[in-house]
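Below are the structure tokens for one structure; questions will follow.
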Amino acid sequence: MRSLEVKNRTNTDDIKALRVITAIKTPYLPDGRFDLEAYDDLVNIQIQNGVEGVIVGGTTGEGQLMSWDEHIMLIGHTVNCFGGSIKVIGNTGSNSTREAIHATEQGFAVGMHAALHINPYYGKTSMDGMVAHFQSVIHMGPTIIYNVPGRTGQDISPNVILKLSRSPNLAGVKECVGHKRVEEYTESGIVVWSGNDDECHDSRWDYGARGVISVTSNLVPGLMRKLMFEGRNESLNEKLMPLMGWLFQEPNPIGLNTALAQLGVARPVFRLPYVPLPLAKRVEFVKMVEEIGREHFVGERDVQALDDDDFILIGRY
Amino acid sequence: MRSLEVKNRTNTDDIKALRVITAIKTPYLPDGRFDLEAYDDLVNIQIQNGVEGVIVGGTTGEGQLMSWDEHIMLIGHTVNCFGGSIKVIGNTGSNSTREAIHATEQGFAVGMHAALHINPYYGKTSMDGMVAHFQSVIHMGPTIIYNVPGRTGQDISPNVILKLSRSPNLAGVKECVGHKRVEEYTESGIVVWSGNDDECHDSRWDYGARGVISVTSNLVPGLMRKLMFEGRNESLNEKLMPLMGWLFQEPNPIGLNTALAQLGVARPVFRLPYVPLPLAKRVEFVKMVEEIGREHFVGERDVQALDDDDFILIGRY
Amino acid sequence: MRSLEVKNRTNTDDIKALRVITAIKTPYLPDGRFDLEAYDDLVNIQIQNGVEGVIVGGTTGEGQLMSWDEHIMLIGHTVNCFGGSIKVIGNTGSNSTREAIHATEQGFAVGMHAALHINPYYGKTSMDGMVAHFQSVIHMGPTIIYNVPGRTGQDISPNVILKLSRSPNLAGVKECVGHKRVEEYTESGIVVWSGNDDECHDSRWDYGARGVISVTSNLVPGLMRKLMFEGRNESLNEKLMPLMGWLFQEPNPIGLNTALAQLGVARPVFRLPYVPLPLAKRVEFVKMVEEIGREHFVGERDVQALDDDDFILIGRY
Amino acid sequence: MRSLEVKNRTNTDDIKALRVITAIKTPYLPDGRFDLEAYDDLVNIQIQNGVEGVIVGGTTGEGQLMSWDEHIMLIGHTVNCFGGSIKVIGNTGSNSTREAIHATEQGFAVGMHAALHINPYYGKTSMDGMVAHFQSVIHMGPTIIYNVPGRTGQDISPNVILKLSRSPNLAGVKECVGHKRVEEYTESGIVVWSGNDDECHDSRWDYGARGVISVTSNLVPGLMRKLMFEGRNESLNEKLMPLMGWLFQEPNPIGLNTALAQLGVARPVFRLPYVPLPLAKRVEFVKMVEEIGREHFVGERDVQALDDDDFILIGRY
């Protein structure tokens, strides 16, 4: 797909400059379709609190549970409504190269500013295959590579990233492997965003990370911005640690989904295979919000511990 | 899908006010994918020549040959690149109510200003079924109903339109049945666009049509604008008649596709079941361009009669 | 797709020999998915009453309201369960050549015995385009061409059929244009099935039609078999005329869907844009069944006039 | 979907009884579509060599690179052509519960004998979510659960399996975690197939595994059958170890794809992100075949080391 919009393509440097990016949650209606009104509120709150970019349909946003037409629609919708105020990074990655190509073409065509790409999870491939996979899409526009071996079963080795870094479109890496890897890339001039909220403060201030692609910022966007922008802040980091621990006790976005429902900003609707945290954990969250301060969290209603019956779990949608 | 974008929804009156809307052609790359660069050029030329709206993926734009994800992507792309300069009307109609609902939700979500809806062609239904079909989608936003019995095998009776006119979202009707029907609606306060280029001048100036949804304006946008805006002009209308006759000698968009390829603004690539007009007809077109004046037509290259071998026909894409 | 199954391909002559083929109804569950148990019953009744073939997902079976994966699944299911007892003809036609190619490949791969192909309705094309369209698929296996201008807005001219008849895969034509056309083809050695139930008796016995592809046989399979197999039978034909008139008063399958629900063999679930016939017509049907004789109709429950509230109309499924 | 075919459903015990199941390779045409003729040959060879079941579209068969309609079609095709001679187990698992439900319904509708289900990889979920996921599909028919933490990033804990074992549809577990886990299940009366070729001999003869779901059997089906059926055979197991090592030096099915192309039974076409093993490894394979004996391998052509240029890598298909 060649297009005039190529000429309007976002400069990769504009992506590299971002410090706080939220892997935004996708809220649902009771029948499992997107709740776009709630979504728009969530994105607006992010913008108002100084978040600079959103990942649309990441693992947090449950891109893995979307059909591609839903996914591209959500990217197009986000660009259409908020593209002037926040950078829209579409998670158009896939373990199928065909799907990654198709989705990335479509995502850029509807105006996304950058693509997030994952190595082929589950199916897995060789390092050569990984390079071939990424090279099928990186030429299309600004690209962030996402390394999360805990999900993919496979580390993207620095050799792969070095090869990709020859492309002017490589904006950087969302890296979950730890400080040392962050430092290694940073020293090679490769931009890194921490993919681990509980490490991002140190990655940012001690190891050269540009910033964070965050889950926690869905809940406390202003505090996460502070953490990335206003200098070393051990006490704030410490204060947020229990919340981060709570959020990731089960695979993300189980904690996040539970939390946003209790904050009253998303309906308590789960697309399976996600199910809410149990009641005891939900009560814990209420206390945590009170300790950190309700005013730092998104939404305006009182936080509440929902009952089991309040949740709707959906398999067909 | 509920959304904040509802609040930004285009006012139906802004759709009603349009006089010249082009059912825009979709150009292809040699492998059958969209040629978005050529598409963007085509839309730009329309804007520069005073066309006020485009139908994306109409029968002219070959929506019937698109997968829905391609279709919604093209709508989102058009909004993203040109939504500030021209009204984007997505042909999200279908003979399947399910598909019409799904596509119309998605089209509005990516920012289209209005939807074009067709009665269920081929499958057909009763008048009651037709009303139920349209009522499944009209509440979503500004809507134009398209009546073209020559394609659908069934007339949308005025009774159906009268029922729909109770919705504030009914922008009007694209009507192909003739002057009398145009007059009937106009007298009832229902906005009509002529769906027949060869009748649009008289429909506009003698029978109250608001304007035209045009195929010919893909070729001569400035002249079609003149025909709709600058008062009765029999001589211009007469001058364009042979071109219109040529364009519709075979089912549209066969003539249009052939013409745009020869004008050098779209590659000579046809998605089957469309095939180019034969050589003799292609030579005729070149003469017609010379008679009307190359400068009135889109594109800047010399018009040429293409050889059979120049065309690429594609079944798998 | 090349395959060993090509070697097991049904002989075209076996398709040509069929006299009674039913365009089988697709019944639904209350949520709009297929009711395969009811479907299997319907097919079984057809087999028990001497029907020799079924069209799966024809316009009667509402192929136009299926996604392609549903459609191919239903073909594969029918082959899997009944392929040894009845010929399975998949309606893998489309107005998009790409879709027709894809669906026909898949249909033959899952074992269908023949394909039914339609000319490009709604989008329409030239006669050259029509030939190119059919030639994209006819090489794949035994093929029936379906001509129904009342739905497609365009007649398939005998020239097109003559060109296709050079292929050994052309089994014949399902023709709705009338006796004269039937006779013309028959005299040229082209097999014809009447596509109009009310004409099939005369087409068969006076104009050389091989048989019928029937809607009415969904209701009275034994009688339709009798009509095609046991010699001229004016009185039976006359007796069925009112039923046929009733069935086609609104676009098919509105009447059929209403009738099968009232006979208790399909749930009263309609996928939009179809809606049931009004109460007065439903009462009429009950009388008609009593006049012809309940025992000739499918199902074993008493026929009843359903209330408006009994019907479920579904837009999202 | 309710259906008569439920009554013909395969007995779970017939699935439990299988000892040698091949995770069959999917071969491609040069344009990336399935090469069904080659596929049919591959399945036939399996049948002739005593393999009792095939997994269609497993990770080995690259289900992760198929669209669902391709996938279901391939299942239906396999049932249609070979369902009487070999058990057809469709990999209708997914990390999206919606997709798993939809595919499993369709797979059983087209006649598959059992489903293979995976825990939600990449997206991951809690143990409660995992149970909810599997319970959404296990009621549909005989089910094998697949545990492969190296691909999914998450172990299916025995607790989950124990909960599922209450369903009469649980045929067993394809387990990759090792002998101890195999033993644990076996002692609880749960059927286990080894998912590791290099461990299957010992799992079978020392730890109670029922048999193997094998990749290697694509190449040497007769030897794998011997290994599972004809008693402890250390020397055969030893003899095959280097081949197994070679096959899994890079993520499967990279080795297998390379091997089958060199044996002349599949075209050297790779869907990305898979790429062939490098030349040195390809030469190694030729030697290995000679050592084990060409006659034990599938195909009849001489094995050869292909050149880089012989391979076709495809991103768009």
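In this document, chain identifiers A, B, C and D correspond to the written order of the chains, with residue numbering beginning at 1 in each.
Keep this in mind: contacts are C-beta pairs under 8 Å (C-beta built on N, C-alpha and C of every residue); 3 or more make two chains touch, one makes a residue touch a chain.
Nothing here was measured: the structure is a model prediction, and the numbers come from that model.
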Interface sides of chain A and chain D: same vs different residues, half threshold: same
Between chain C and chain D, centroid-to-centroid distance (C-alpha), Å: 39
Separation of mean Cα positions, chain D and chain A [Å, integer]: 33
Intercentroid distance (Cα basis), chain D paired with chain B, Å: 50
Residues of chain B engaged with two or more neighbouring chains: 316
Listing of all chain pairs that touch each other, if any do: A-B, A-D, B-C, C-D
Residue numbers on chain C that touch chain D, as the complex places them: 1-6, 8, 29, 33-41, 44, 68-69, 72-74, 76-77, 79-81, 83, 106, 109-111
Residue ranges of chain D in contact with chain A within the complex: 59, 62, 64-65, 95-98, 101-102, 118, 120-126, 128-130, 132-133, 136, 149-154, 250-251, 254, 271-275, 277-278, 313, 315-317
